[in-house]
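To keep things clear, I will list the structure first and then write my remarks on it.
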């Protein structure tokens, strides 16, 4: 049976090379444009670069005028980030130095010693990070699960007034956080939800829900209905078709939505600042206030910021092709 | 297998009546084709029968029993979609097994494996069973989706233009295979297409649908030789039928603004102006032909040639077997076969003969 | 107008050889069609002639002028795209007049030529519309007008009918042919539809897997296919190709008692080509077989197809070869009934299974 | 066909949910949560905006009609803060659009590594704004900050102190605001670039090929093919950034906390100050919250309307 489909190694994606795009002049222009963009990218990332090197400087190097580029890296920033310290009196310093010779003092204590300080206990940074993880993690999970179901309903059924419903959901995200926190503050104090993990999880779930619903609706719209209908005709109910046929195809969409919600919850500052004080305080507000107490603890702040920044950078790479959708609430599909 | 009947089905979508009082029946193990241009309501008809759409009026009967309040699952029909016919996340084997594993059937795995082996032999796809659907060519995909329809032995097969996305050569061969398969399986099939060749070649009976209305139901010969409207006449047959404004005075038909005139067959009762339909293959260039014209254009198609002839102001297209040696601008004499003329009123209704 | 010459023109994308070295000469005013399945290199060849694709090797001459590395706009060629490529944000009139404005023609001249070409293509009433709200057929007419208006040396068309729906395609095909006859402009036309190729082409270049399989007129390519690919690809359904066992002048189809003796003029060339190998491929077009009860060949009916003016009977000649026979309309052979048929000796062709090439008969068969 | 599989039991009463049931089951949980945590507080604060309530005063709210709104609307300070926010939005969105469009045009033509570069450029907008504020505060530090060093003022005395709005110890009003704007631009230019880039990628090649054949000037190709295709997306980016600029709070709090003086006191920061920091004027800040709410809904309505119209055309 003559079948002329040239399956071969799959049709190659041929990059059209037009005659006027291979002339030396054009090539030069092309390379120049590439160079400019690379330079701009480098300049753009200088602040991130500064954070990285400051995190591994000793305090004197960090505040050296003019700013020092070549320096001996030290873990002082990290140690300061994770410990509470007090400056030790000269006599106390002598004792500790002698102990250091007899190798009784741990590495961490010795680093503090060089900076003339003695460690008195762990700082609250770890505790704050844990709060961030708990609150961001659970709220993301809740918002994604809820979003999957409601987004499927919006995508498949013309829910009455769908247009404004979606807008109404979105509007909660369009407002400055402050506008919403004034009434929330009152509600939470009366309901004893102020400064509680539950309170923050509930808020972040709703905060992320509008993004998650819009994103998931976009991903569901891309899955053709024929698959579910084929399953119906094959003898499955609508629910079974949803779980067996639709969800497996939406896995990449769910992953992207989960990560976007995680980033937004992880980065959130305003709600955390106003609705928590001690017990449920997350990392962002605590890093911001760290500057206050420790004086010019720049190395610790840089280390804290770095710790907060690395997961986001990794995730940005993983999400490259979904960024467009996530940032524009799924409005623009690539 | 069972037979299917649609009684006065009407389906409305906001702003449009997709199906308007549609009635037809499909006998047991008949290959019935619904032919019509895109947007005629063909797919909607299938979806109503499968229960994927709820019609506003009329009933759908399987073997005489109404099935309107049955969910798609309960109707036990097979639906082969034009695209997206295979579940992308499953292998070919799982695709074929999916309907048999449904809660309604609960077929034991051993039984499933045997059934699938059988079907794979018939459709010559045993080598594909373990492959992921993404790695199949267009032809293989459609064959597996047909396999999935057959494996469950449904009461009725519904097929929504399964061949139209395939490459031309493949379509030819799959058409023949599908017809052979249907005849040997004896499965009641309702096949939807906009391609008139598919309709003429595969159907036991054809229903022509346009703008949600059934225009004509008949065998391929009925539709081709006795079209009830100019729409049906133009829909089937390539190149299209010539429709010439003509006038009848007592017993001769005069074709407007040309000197062509033909003896009027006695059964033609219409008087005055009407539309005369002549199939291109009924216009035969012949050295001593009664009529004369000038060659405008020739289009060799290999097995036959389309010759465009101008006679007076009228241009006619004729179809002659083999390669023609006629040149553009030559004068040509030709005859018109009188026994297969079609005669329509000016608004396109066939004048019964 | 112009002659176009391709000398050893070749195209490689990294390690993929999209077009193997190819020679082609297109005469002035000739309509040549590049025909082949998708991915055979026909579009790449067209784009190399237009400059939209660079050449990896070889030379392209337009009126004996080497244009291989010339900017597309300096080749005096017009290109008609499958998806019309009309500038979406300006009116049809501006689209058509655009190439003239770029050449710096005067306002009145532009106005005159636009009026003339839109009359030729019967789109005067569409000139103020934006391409967005025109039908596919009308958009392609505007694109043709844009190509025509600049009186180029040659027209290059990349599957212009591909995106149109059925009822436009037939009328547009006749229109393109009529345009070519009026303007007799040198045209290179790419399509995968062999009906279009034969209807339009003065000559057809059949391509497959980056290689030219055969160049010839519609009749040559239809009646004397150079190899198995062309035989199978041209014609719908393609030529019947049955593998047979050849022994001094007689071809027998294994597994049946069908026997066919070589017509006059074939004996010597077949003996020379096959030498001692016993395998041969017998080819014949569906219309070359006539049903008759006393026919020497026979087989069981597999399926039958009414195609309007005629019908095609599909007959199983042995376990896996199905042969297509063209019959007039009156057929109702139930499946598996045995039918007999004869072959018209003039329309029979033979192929060498090894080289897949056609065996040429001694005297014009 | 040999064995027949188990025939479908004649229409068993299957436990399957009707579509209506599915819609309710899937949609209501989301709606309930939204109403509880979002809608209810909005109504509650609407009521408060007509009272003189203060969260810590312990007195019940007393209805004072539109007094709060009246005070706010003719309080010159308020208009100053609205003006600061407006200036902030205008300049930052303007620069972002310019740089974003330029970057997208440069990045449109693929080159080795352009994918990596694009992703690197996108990092700033993914970082928590308050953390960005912090390390730009480090960058701007007159003595050991890299900013002064890089723009050629290594000596802290003679160089600018951006966040203190002074240059060589002389006050330069507005400098702090523009230094925050600079960081906002640094963070959100990639957003505009991303949208414009996706617009550019949607333009089919054959338009440029047709233009090349028709000997179109690159000027024509830019104005007639590139710009009309990208304009809708660019406009969405502008509308989106305008709304975000209006909302910004985290970045300013991280860097200047509204200072020096009230040079960077954006409206959202001032609302926080009135509602929480010390003043606790709950009623008045609820009224201010509603004024902001109305402005933003008006602007985002423009956005949604535009999006639907753009969708209509596309």
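For reference, chains read A, B, C and D in written order, and residue numbers begin at 1 within each chain.
To be clear about the criterion, a contact is a pair of C-beta atoms (placed from the backbone, for glycine too) under 8 Å apart; a residue touches a chain by one contact, two chains touch by 3 or more.
Source: prediction; values computed, not measured.
Visitor: What is the touch distance from subunit C to subunit D, in steps?
Guide: Counted as steps through touching chains, the separation is 1.
Visitor: More contacting C-beta pairs: A-D or A-C?
Guide: A-D
Visitor: Quick one: subunit A and subunit B, Cα centre-to-centre, how many Å?
Guide: 57
Visitor: Quick one: subunit A and subunit D, Cα centre-to-centre, how many Å?
Guide: That pair's centroid distance is 17 Å.
Visitor: Taking each residue of subunit B in turn, which ones touch at least two of the other chains?
Guide: Those would be 71, 73, 76, 103-105, 152, 167, 169, 173.
Visitor: Where does subunit D touch two or more other chains at once, residue-wise?
Guide: 8, 14, 16, 209, 212
Visitor: Among the residues of subunit A, pick out those that touch two or more other chains and give their numbers.
Guide: Each of 2, 4-5, 16, 18, 20, 235, 237 in subunit A touches at least two other chains.
Visitor: Could you pull out which subunit A residues touch subunit B in their complex?
Guide: Going by the criterion above, the answer is residues 1-5, 7, 224, 226-227, 229-237, 240, 245, 248-249.
Visitor: If you look only at subunit C, which of its residues touch subunit D in the complex?
Guide: Per the stated touch rule, the residues are 50-52, 71-74, 77-79, 81, 83, 85-90, 98-99, 102-103, 146, 150.
Visitor: Which residues, counting only subunit D, touch subunit C once they are in their complex?
Guide: 204, 206-207, 209-217, 220, 224-225, 228-229
Visitor: If we count contacts the way the header does, which residues on subunit B are in touch with subunit A in the complex?
Guide: Those in contact with subunit A are residues 47, 50-52, 71-73, 75-79, 81, 83-85, 87-89, 98-99, 102-105, 137-139, 148, 152, 167, 169-170, 173, 177.
Visitor: In their complex, what parts of subunit C are in touch with subunit B?
Guide: Contact set of subunit C toward subunit B: 37-38, 165-167, 170, 173-174, 177-178, 181, 192-195, 198-200, 218-219, 222-223, 232-238, 285-287, 302-303, 305-309, 312, 314, 322, 326, 329, 335.
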